[in-house]
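Can you read through this structure? Questions will come right after.
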Amino acid sequence: MAQQIIFYILALAIAVFSILAVTSKRVIRSATYLLFVLLATAGLFLLLNYHYLFAVQVTVYAGGIMVLFIMSIFLTHKPGDQFITRMSWKVRSSAFLAVAGLVLCGYIIVKNVTRVYSYINGNELQMQDLGTTMMGTEKYQYLLPFEVISVLLLACIIGAILIARKEKSPMNPPQGDMD
Amino acid sequence: MKDIILKAVPDAVIEEKQKLTVTVEPKQLHPLIKALYSNKELPFDYLINLIGMDWGEKLGVMYLLSSSADMSREVVIITSTDDRQNPLLYSITDMYEAAHLNEREVYAMFGIRFINNPDMRRFLLDDDWNGFPLRKDYDADSRLNPITIVNKEIKDIAPFIMEDADGKLTEGTTRIFDENDYIINIGPQHPSTHGVMHFRTSLDGEIVKKIDVNSGYIHRGIEKLCENMTYPQILHFTDRLDYLSASINRHALCMCIEKAAEIEVPARAEYIRVIMDELNRISSHLIAWSAHCNDLGATTAFIYGVREREHVLDIFDKTCGGRLIVNQNVVGGVMFDIYPDFQKDVKAFIPYMREKLVEYDDFFSHNAIALGRMVKIGNLTREDAISYAVTGPAGRGSGWSCDVRKHKPYSLYDKVDFREIIRNEGDSYARYMNRLDEIEESLHIIEQLVDNIPEGEILAKVKPIIRLPEGQYFQSVEAGKGEFGVFIESRGDKNPYRVKFRSPSLAAVSAMPLICRDEKLTDFIGIGGSMDYVIPDIDR
Amino acid sequence: MNYSQPLELTGIISTLDTFFRNNLTPFWATFIEGALILIAILAAYAIIALALIYIERKITAFFQSRLGPNRLGKYGVIQSIADMVKILIKEIIQINDVDKFLFYAAPFFVIISSVLTFGAIPFGMGLQAVDFKIGIIYVIAASSLGVIGVLLAGWSSNNKYSMIGAMRSGAQFVSYELSAAFSLMTIVVLSGTMQLSEIVENQRYAWNLFNGHIPAMIAFVIYLISGHAETNRGPFDLPEAEGELTAGYHTEYSGLQFGFFYLAEYLNMFIIAAVATTVFLGGWMPIQIKGLDAFNQVMWYIPSYVWFFAKTGVLIFLSLWVRWSFPRMRIDLLLNLEWKYLLPINLVNILLMVLMVLAGWTLSDWFPGLFAIAP
Amino acid sequence: MLKFHFIRKIFFILLDTNNFKITQNIPPSGFRGADINNMNPFIKYISGIFTAVKSLLGGMLVTWRELWRKKVTMQYPENRDTLVISDRWRSELTMPHDENNEHACTACGICMINCPNGTINVISKTIETEDGKKKKILDKHIWDYGMCTFCNLCVITCPSDAIIFNNDFEGAMFDRSKLVHQLNKPGSKLREKKPLTPKGEQKAP
């Protein structure tokens, strides 16, 4: 019963803050509401004893992505200002996309409901298994994708630095060697 | 030198007073100073003091110029205008950066505007102040300038008067900051401005783009007050200028009066004065060190420095009953003789201080973080130091030999042996190390004097009412922050006609916008600590 | 492990647990136990914070040749309680032109993140509220929430100083979190588990600091530095650098809201020390020498929480010592330190540790008779 | 809302390594580390770390030693009995009265004239002495503690050494009007001429 109560509280929080996140007129507040949604989701994982997912959700989404979000919102123009959505075709198309996404998710969930159920009732995942799965080279193990993604990320980082440096160059002509 | 002057301005009036004095018409002022500034043998590139004057019907300015190479060579240049309604004189800011704030101060106090000065706002006073306080016909009625409790917007618009090639004057305004600048206020109420200083700082991210210096929040009108007081009464004001070098400042004023009144100071008094001066310098440098460290974030260092200073203050306390405001020098000698244990206390202090200097070295001078915060930060070149008239440990940190004690020895300084500490790096670290080394030199001076204090009187015979003969009198000393100067114009009364103090801190503050440009905001505070200014010295 | 441990709290706790389970339905038993744990954690949080504030003021004073608080109570011991009362009854100043919701929410982020982390610390045998299998990741995750509070506080205050402080804090936190996490990961490689209780258990005869010798020591130093930087203290207090930013991101806060930031700052210092103790210095485990049963038994008489707080106390003292000896860093020096020194060293270090563990060069591999747990 | 322009800038600073000053290339004068100019970059990097750590540990050693030294704090209200205030300390202007309630002030007003900021107010009254001569004597000698700058001019100029500064430094009051002191005691009168003591004895103890 306790689990159910907590589940309903979390579900309510997710629902309310999701709506607030999209209806708030201030982008910085939207980001904060989104953060609450992500935290509540992490709470759901915790409820399911998915500790690793919980921690990853908090670190990556709440700690990492949201810090990035907030910092980049600070960098945008006037984040505290209320904005007005004028172009209604955008609203309509997003509504359509949202509904489509909902339908898709619903379909997948309904289709796989039994399998999801068995996952939930399964044993807690061992960290060792997770580690070997990620770093292994056999079938259903992910070393190659892991490495590919890290190379991709490295490329992204280098690209970002290049772009950021370009911004300065007209004011700051390159001085001698760049070490 | 006379040749140069006469060659530049044939009809200049040259007089041999206490200093070589040249009087010229306003039109000829700029060519004359230009000639002095740019002569090859001994360029007069150091503007010691810029003094506004009100001679009754005429308003004018006196320039005390000197050469950075040989500071004992000085020349006084006087110019004046009859027009009391709209007095206009020519600016020398194109040669001397130090003239900027000084000319603005003269504008605030006398209403003289300077042609070609790009920023002719009033310094030390509000823009809407009624009247010009240092004029003789100033109406000090408090109803004219009521105390307001409403916030005043600070205007970013600076007026100027420019003269073009064919002598046409145009008035205009410039903006100090762009509209899109991100300006933050460092001060007037700020933990690290060392007083009530107001730097308006425009930032580009963390980097300081431009600084606008505002001061005058504690301006007390000391120069005006002096005009209505007798000479002994003026003395106690000097303690309240740069309160950290109280004794040294007062020494300067006393010497100025003594020279003018031809009073011979007893030898014992001279010894006591110099020892007190050097102790005062140590305490001033200790505070500077502590405050600098504190500005860099090392609170502990602050407490250590103040702890050592306490020993100096105890000696002051026992000698003359004052700690910060020492109140020791009077015209003709010193107010109090040394107390019986004076020598013992001083001699105990010297080894103690030496030991602590080593400790400071271990604690802070080589700390990797501190080095990162000081080395190559706040660079002030020798040329800039001279142009901005930054003297004292800061000027000597830029490689400029500017110790008044060496160049224009006064009191006993030609008899004692000490080194002038000069570093050539010109950064915060050089200024920092200079202070610590100067503490050692001061200890060395005290060591030579303390055992040899001659017996005798401590006070010369002085008339009860001191009247200085008519004339203009100058005296400079090396205060803790740099060259402190006193100028007195006397009309033979018991009151001075005009008193002006040269403030070393004003020069240090005026250099701040230059050396802080393109530094980080964090370092701006640290550089401020390394320049070591004291605000009451600026807000006289 | 059948030494007698008369002062441990495990007995009381298990008695309570059996009592509740026998007399109540499982739901209510869990509920009441949860509530008790929550109260205990919050009480410990407040008490430790008050104690730390007093200790810091006192030790700082001793470093600075002063006496510190000495007016309230003997040696000023109730000074920080008086300060707490003062902060509680202080007015919370309403500020115009702030984003009210975010402004009031920000302190809670900071304090909740530190309470969450606090709950995972093993204070002693059986004294651990949350013991996940992924304990270390949990600690990293929970502590990473705090920076959001700082960012929001700085932004919503609508004050330029606060804003600069918040931006500095963001840059600083994001950078140093990497180092802190990597140095903890180095030890995860060594002990082969992320569960804090197991990590403590594994250090019975050899602390990780010594077991992993060189790489572990490097990791230890890096963890202390970056942990220090994460808590915005010591030479890394740029976000609130009172020299230039008056108080940085919490300039506009007053009363209890400021109290939250203040408490969290001290508790974060404690948490960093506690995690370092747990991971590197054997946590609550008493000093044990294999083979010397008499000695071990004597050590066990000292309760485990005393061991824990003693070790943590040493690290806190270290942190205070560093804080009051050094000047403040500058933002570029700070980022230099992280990106040019700590992170590369850390990456090399983690590789070194992996090689060491694979090659069997740890102390417990070399001298299994002395240091290994299993024979 | 200008701040966001600025914030964008701050971000670029963080990314722009050109802004990072390389501070350790040239050792400043008095720098204790090894000469790091002519080394290869890797050794420079490593030796930089060691020099830095060494200097930091040196700083920590100083604070460590300080931890065990005697503290310098004076605990003021408690140490009243042992507190030494220098004899020359100027705190409160007083007019010494002898056992006959007599003082030395002739109400000449020189102290009032010499005071730079009007702290002293000497109010005199004219009475008729027994032999019928009119004589100016002191009525009230008013001194404002709140305005005094302790410049000591009144004391050194007083021709009859009637006033001195004493050592009672605890002069704080809750009411500003209490700072205005009347120095002569009620009913006191001018001391009869005594053989003159050499002037200046009292001033410089």
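As written, the chains take the letters A, B, C and D, and residue 1 is the first residue of each chain.
By definition in this document, a contact is a pair of C-beta atoms (placed from the backbone, for glycine too) under 8 Å apart; a residue touches a chain by one contact, two chains touch by 3 or more.
Since the model is a prediction, treat every value here as computed from it, not as a measurement.
A.B. asks: Is the C-beta contact count larger for C-D or for B-C?
C.D. replies: B-C is joined by more C-beta pairs in contact.
A.B. asks: By CA centroid distance, what chain is farthest from chain B?
C.D. replies: A
A.B. asks: Any idea how many Å lie between the Cα centroids of chain A and chain B?
C.D. replies: Centre-to-centre distance between chain A and chain B: 61 Å.
A.B. asks: Cα centroid separation between chain C and chain D, in whole Å?
C.D. replies: Here chain C and chain D have centroids separated by 45 Å.
A.B. asks: Whole-Å distance, chain B centre to chain C centre, using C-alpha means?
C.D. replies: 51
A.B. asks: Please compute the C-alpha centroid of chain A, do the same for chain D, then give the distance between them in whole Å.
C.D. replies: Centre-to-centre distance between chain A and chain D: 63 Å.
A.B. asks: Would you please write down the residue numbers of chain C that are in contact with two or more other chains?
C.D. replies: 63-66, 160, 164, 167, 324-326, 331-333
A.B. asks: At least two partner chains per residue is the criterion; list those residues in chain D.
C.D. replies: Residues 3, 6-7, 10-13, 19, 21, 23, 56, 59, 62-63, 66, 72 of chain D each touch two or more of the other chains.
A.B. asks: Identify all positions of chain A at which a residue touches two or more other chains, and write them in rising order.
C.D. replies: 71, 74, 79-80
A.B. asks: Using the touch rule from the top, collect the residues of chain D that touch chain B in their complex.
C.D. replies: Listed in rising order, the residues are 2-3, 5-6, 9-13, 19, 21, 23-24, 26, 28-33, 51-53, 55-56, 58-59, 61-63, 66, 72, 86-90, 114, 116, 149-153, 156-157, 165, 204.
A.B. asks: Which part of chain C faces chain A closely enough to touch in the complex?
C.D. replies: 27, 30-31, 99, 101-102, 105, 132-134, 137-138, 140-142, 144-145, 147-148, 151-152, 155, 167, 170, 173-174, 177, 193-194
A.B. asks: Of all residues in chain B, which touch chain D in the complex?
C.D. replies: Within the complex, chain B contacts chain D at residues 180-182, 203-207, 229-230, 232-237, 300, 304, 307, 310, 317-322, 325, 327, 330, 335-337, 339, 359, 362-369, 371-372, 375-377, 423, 425, 427, 429-430, 433, 464.
A.B. asks: In their complex, what parts of chain B are in touch with chain C?
C.D. replies: 182, 184, 186, 190-192, 203, 206, 293-301, 303-304, 307, 363-364, 367, 369-370, 372-373, 520-525
A.B. asks: Given the complex with chain C, which residues does chain D contribute to the contact?
C.D. replies: 3, 6-7, 10-11, 13-14, 19-21, 23, 49, 56, 59-60, 62-64, 66-67, 69, 71-73, 75
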